[in-house]
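This structure is in structure tokens; I'll ask about it shortly.
Naming follows writing order (A, B, C, D and E), and every chain is counted from residue 1.
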Amino acid sequence: MAKAVKKHFKKAGLPPGTLVHVGERKAEAARITVIDYDEQNFEEKQVSSVEECFPFKTTPTVTWINIDGIHDVDIIEKLGRQFELHALILEDILNTGQRPKYEDLEKYIFIVLKMLSYDDEKQALQTEQVSLIVGANFVISFQESIGDVFEEVRDRLRNAKGRIRKMASDYLAYALMDAVVDNYFVILERLGESIETMEEELVAEPTEKTLQQIHLHKRTMIFLRKSVWPLRELINGLQKSESPLIQESTGVYLRDVYDHTIQIIDTIESFRDMVSGMLDIYLSSISNRMNAVMKVLTIIATIFIPMTFVAGIYGMNFKYMPELEMWWAYPVVWLIMVIIAVCMLIYFRRKRWL
Amino acid sequence: MAKAVKKHFKKAGLPPGTLVHVGERKAEAARITVIDYDEQNFEEKQVSSVEECFPFKTTPTVTWINIDGIHDVDIIEKLGRQFELHALILEDILNTGQRPKYEDLEKYIFIVLKMLSYDDEKQALQTEQVSLIVGANFVISFQESIGDVFEEVRDRLRNAKGRIRKMASDYLAYALMDAVVDNYFVILERLGESIETMEEELVAEPTEKTLQQIHLHKRTMIFLRKSVWPLRELINGLQKSESPLIQESTGVYLRDVYDHTIQIIDTIESFRDMVSGMLDIYLSSISNRMNAVMKVLTIIATIFIPMTFVAGIYGMNFKYMPELEMWWAYPVVWLIMVIIAVCMLIYFRRKRWL
Amino acid sequence: MAKAVKKHFKKAGLPPGTLVHVGERKAEAARITVIDYDEQNFEEKQVSSVEECFPFKTTPTVTWINIDGIHDVDIIEKLGRQFELHALILEDILNTGQRPKYEDLEKYIFIVLKMLSYDDEKQALQTEQVSLIVGANFVISFQESIGDVFEEVRDRLRNAKGRIRKMASDYLAYALMDAVVDNYFVILERLGESIETMEEELVAEPTEKTLQQIHLHKRTMIFLRKSVWPLRELINGLQKSESPLIQESTGVYLRDVYDHTIQIIDTIESFRDMVSGMLDIYLSSISNRMNAVMKVLTIIATIFIPMTFVAGIYGMNFKYMPELEMWWAYPVVWLIMVIIAVCMLIYFRRKRWL
Amino acid sequence: MAKAVKKHFKKAGLPPGTLVHVGERKAEAARITVIDYDEQNFEEKQVSSVEECFPFKTTPTVTWINIDGIHDVDIIEKLGRQFELHALILEDILNTGQRPKYEDLEKYIFIVLKMLSYDDEKQALQTEQVSLIVGANFVISFQESIGDVFEEVRDRLRNAKGRIRKMASDYLAYALMDAVVDNYFVILERLGESIETMEEELVAEPTEKTLQQIHLHKRTMIFLRKSVWPLRELINGLQKSESPLIQESTGVYLRDVYDHTIQIIDTIESFRDMVSGMLDIYLSSISNRMNAVMKVLTIIATIFIPMTFVAGIYGMNFKYMPELEMWWAYPVVWLIMVIIAVCMLIYFRRKRWL
Amino acid sequence: MAKAVKKHFKKAGLPPGTLVHVGERKAEAARITVIDYDEQNFEEKQVSSVEECFPFKTTPTVTWINIDGIHDVDIIEKLGRQFELHALILEDILNTGQRPKYEDLEKYIFIVLKMLSYDDEKQALQTEQVSLIVGANFVISFQESIGDVFEEVRDRLRNAKGRIRKMASDYLAYALMDAVVDNYFVILERLGESIETMEEELVAEPTEKTLQQIHLHKRTMIFLRKSVWPLRELINGLQKSESPLIQESTGVYLRDVYDHTIQIIDTIESFRDMVSGMLDIYLSSISNRMNAVMKVLTIIATIFIPMTFVAGIYGMNFKYMPELEMWWAYPVVWLIMVIIAVCMLIYFRRKRWL
């Protein structure tokens, strides 16, 4: 969290629109891949310099330029100049602390998404910013590092599965967004399993570690929520947008992604409620255990303290203690002590402490 | 909960509109029943293949096709093709993790509902997805398994009870929705009884099991709420919809279901408040009991500790302890101890611990 | 609460509009009273059969038909037929689990209210459903049992007090609603007194009974809130309604009731806050008392435990314990013990435990 | 609070518009003062009968009639008749349980405000209802008792300070409202000081009295909030009102009061948060103290209990206890006991209890 | 907080628009700097009297007048007269208790911002009010003291970095607002670091000081939130404003600041959640420690109390205690005591207290 703040801070003091990469340097070298297709044709290649993409700009086919690694400001700048992207948009692409949002700039639509991955070892969510530029016949996607959730979209393009090859650039953008959103379900599943495990632990034997995990999950939920909530607005905005770039037929698909987003938000809220409930259970189980400890102490102490007192009495060394001389005194004292113990036990039984 | 996520996940990576059943396989074999009626005529039959339903599509009478079991993707696909249903709608029917919603697709209205049943043994709610396709003169309903709440609607159709036989397909859809909503009252009644029992237990003798039950109910309420809240929006949307499929005369009936939904939501909220209150009561009764335990310990300990000390004094073996030799020393020590005890008791009485 | 659910449930499975009384049978026999008036004339009579009311329907004078006891479905049905009431409206009148609401059906306005009474013995609110049908020159009111808050309205009608005799049916409806709302103030006053008593108890000596009462009041507030909140919407709706049945001049009176409703809601919220605050006070007073108990235990124990230990030392029977033989040993031991006690006391004093 | 309810209740059962004073009788006798002014002229006099005010109604100058004490229903009634005030407005003036609100009645605007004063002794807020009738060239103000915050407005009028003498009646109304709102800052300052003192006490040494004060302040905040929130709406409403009585040039002044109201609400919210935080601090300091008490008990008890046990062993009177006869036994027992104590202390040190 | 209230209070009782400086006197003497520029020219000078600024008013170049120190009412008044500023605006500039807001007064736009600085020593936020007057070709900025976040804007102006010299006064205003908002990120970074440190302390060893710091941070968050939330509205308002002073091309920059504000709010909310979570962790760690303390006490006490009792028995001085005479009695008693201890330990082990 504090990191998100630091990222932005590096840049404070520069004029707006200055291009500086703000974020961790995730990929070693930026990798540029171009996919160009229409219903009949399909071409996929990895280019070494950004200039090789420029010819695709004017072709009537749909072109998808994917850039893995945004730390190479030079590439972004050249692309920006070629595709006439606003300086502030380029700044947003480079600054990885954005919230999910979309902006309609007439010639193109700018979309920022958060791709999530769950690091099992650290039990923490990793986030990566994905920016999309959706133009009339091209989509440019920017990712922070190599390795993404878009492989299945590429597959569908390669094999002409579904309707994707017949559709325009807005459908491609939809497909990419859908891939990102679908991946959230994977994350949620992992979290769901982790919560279930945690719950079993909680019932079996809650330890301080359980508490830490509950808090960790609580924080993860807050973080997840922050990433997903703005997505809802984003997609809703796209749906209602009157941009000519978004064809009417894509509306039904956007609604579908929207429904998924709502489902994800619902699940996050359920998880939040479950985790909160677990915190309550943890706290009352601690309280119950304290109670149990106290009861044992009280029972032992209140039974033996009076008896020890009686023993103490007859341990006194007074010269004139008539009882000490009588032969029946010792058994009687034992009897008295047994009676005390039995009374106590009956009392505790009635109080339901036993 | 985690299941709902898993369900969807199986499908991630396929192009949108691919028909794959996502959910538990509830019914053994899909069962298709057709009811065809108008004011004069009534025909009910169970068909073995979906093609037998197709002729009913063009008749002027109202046709209700009910499909129990949605795992047979083939049936859904054929129906979809015949009745011109959008691929995404078919996907939603098959994917049982939907929220209640409705979509107006001009030629037909698509409605998703959640049918609930309460499993007394597990004290858990079971949910089943019911999808309705409402066309000009037909309603197609999809259920996950055999056994439903629609029997009384069938009965009214068979016996021409009420106005149902005189009305169009939208009234039939209303009747089905009404049946689902009416069933929520049954669920609420069960929950209400269960909460009452729990409350009596709480007053009589709260145990850790009571706590677990409170949390179970809390979670059930969250779950129930999640199923019912979107219903409100759904019915409100239908009411305000300008679809020609929904006749003006049906409006008053929809308003009635809407009122019922509000009543259900109200009751759920009340139950939630009650369960929350019970948690508070549980926690403070635990606290009170701890207090009681502490008091007993304190009273016993603080009375006997000083007296035992006195006894300890005269248990010392010093050669020169003048008191030990005096004949009145022993009764005096007893007196002192009694005075200590009485003082303590008076102190506790004044502190109202006794 | 659970009852409200049961009530509705009895009816599930019947076609909508079927008339079945759902609720407790409160009045022995339905009592029908008719009041017919204009500025000059006033007629009041109790009729034995509902048919006797029908002639009043067509008179130009304002007619108020009051029905105490709605279990006689026959009466409701006949009235419904005569006054052309919709089947669903009649159903709502008979089903006493409605929320306060109003419906504008052009020919008449249907209003549902909740009349409250406070049962001092059970310290519980009793609720009774009051339904009003407001037509052009008639008002029909339905109550669950004999005994109501309308007596003063009747009085004003009889004695031509205020402007009521000069006004139309909408003013009569207003007067009835005003009477119901005014009665809420009486309820609130009772609750206010009860809360004050509870508060004094809480300060004087909080017991577990106090806690139970706090929770009882909390629940009463929730219940009250549920009855009054929809009222606000209802009156607001009436105010903004464009029904010709509501004359413009009545608007200012409706605004007055609206203001009262807001005041009631405000007071309920204040009471809720007060009761919540009392729960907090209760819990921290429990906590404080536990603290006090612990302190006494700790002070007594920590003073006497070391001294008892010293006494125990010289109670040992070793042959070679030089101290035992010395004449000054006993007073020195006493001195040591006194010093221990004094040190402890100083320590506690400094810790502010004394 | 309960009083506010009682006040209203006295009136329940009367026809709407019946004039009965509802509230405490604050002033001994109603005092009527008239100020009449324009840019050149200024006249101020105290009149003994309300009729003396009537001539001012028709003068072109601005007239401010101030009435201290509203229990004299007769005065209110006469004024009402003369200035054509609606019966319900007069009722609202007399009934001191109103919420702040404004009503536009075309010929005049009716404003209800709450004037607050802080009773240092009882540490409680006192509230007084101020009603304003703003007409074309007159303002009538009603207060419950003599002594108000309007003195500085009178002063500005007398000395023609600022622009007040050049402006119309709406500016006068604004000036009165501004005076009431400015007074809230005084109240807030008092509360702020009181909260600060409380905070110092909380840090220095929290007692049960501190807790009571926290709750008292919490309730005061709730009460204050209830008085100020509706004010915001009121002023906002006035600002947006299209009444010809409010001149455009007054808009900027109303916005100023509006800003002040927002500032006050902000401060109240901050105070609420501070008081809530103090409750948390109180509770955890109690918890910490309990912890400290327990630690002392545990340390003393666990050190001495084993040592006392050892002493007890050698206090036994068995004939054949070889250790008792050995000359080195006594010092060895001492050694053992010292070792036990040191081990315990090391253990506690490592657990960081010391 | 209480100070904010006091500030305003000093002024209560004066007619609106009276110019009195309300706030701490931060700068020694007001310092006036003028920057005048267009694309080609740049002039920067510090003037000693406010009158020297007046000639710039009519030049076509953009003029930025910056005033450090607002306690010199005379300067503000003269400026106000020269630039035709409304009396209430001048009052707002002088009264440093304003919330961030903007007002469109046709000839100019008035903006109030809060500049924050973090005092590391006191761990408290310092706030300074910055007011901007944005006219057609001038911006006047008012600050409470010398030393600000505008230095980099001046730098860009001096060196013609970015587009600032080519743009109009609205862009300058944007640049100043952007500088203020960018500075919030610095503050957030500091807070983020402080929270992280606190978190490590919390895990390592929570003390009462940690609790105080948590509460301090909680309050800082509330304070920060109060400063930033209205900013969002402010910028949103500016964006949607139809003032001719704000050119369309500036819109995209305002949207950028808006996005930053949202990011800041998001981060504040995250910090709030983190701090709340830390409070929960603190409280449950206290609870856990109490539990640990209790366990040690219980284990030691319950093991030794019964054994001490046994020792007490044989410390009694009865003449006829047969066991005392037997040679095997002493070792048997030891055996019994060891058995008691072992049983206890097994019991605790099974209860998982060891």
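As a working rule, a contact is a pair of C-beta atoms (placed from the backbone, for glycine too) under 8 Å apart; a residue touches a chain by one contact, two chains touch by 3 or more.
Everything numeric in this text was worked out from a predicted model, so none of it was measured.
In the CA-based superposition of chain A onto chain C, the rotation angle is 145 degrees, rounded to steps of 5. In this assembly, the C-alpha centroid of chain A lies 43 Å from the C-alpha centroid of chain D. Between chain C and chain D the centroid-to-centroid distance comes to 26 Å (mean Cα coordinates, whole Å). Under the contact definition stated at the top, the residues of chain A that touch 2 or more other chains are 287, 290, 294, 297, 301, 305, 308, 312, 315-317, 321. The touch graph of these protein chains is a ring, one cycle where each chain has exactly two neighbours. Every residue of chain D that touches chain E in the complex is listed here, in rising order: 152, 156, 161-164, 175, 178, 182-183, 185-186, 188-189, 192-193, 195-196, 252-253, 255-256, 259-260, 262-263, 266-267, 270-271, 273-274, 277, 280-281, 284-285, 287-288, 290-291, 294-295, 297-298, 301-302, 305-306, 308-309, 312-313, 315-321, 351-353.
For chain D in complex with chain C, the residues that touch the partner chain are 1-2, 4-6, 8-9, 12-13, 15-18, 86, 88, 92, 97-99, 101, 103, 205, 208, 211-212, 215, 218-219, 222-223, 226, 279, 282-283, 286-287, 289-290, 292-294, 296-297, 300-301, 304-305, 307-308, 311-312, 314-317, 321, 323-327, 329-330, 333.
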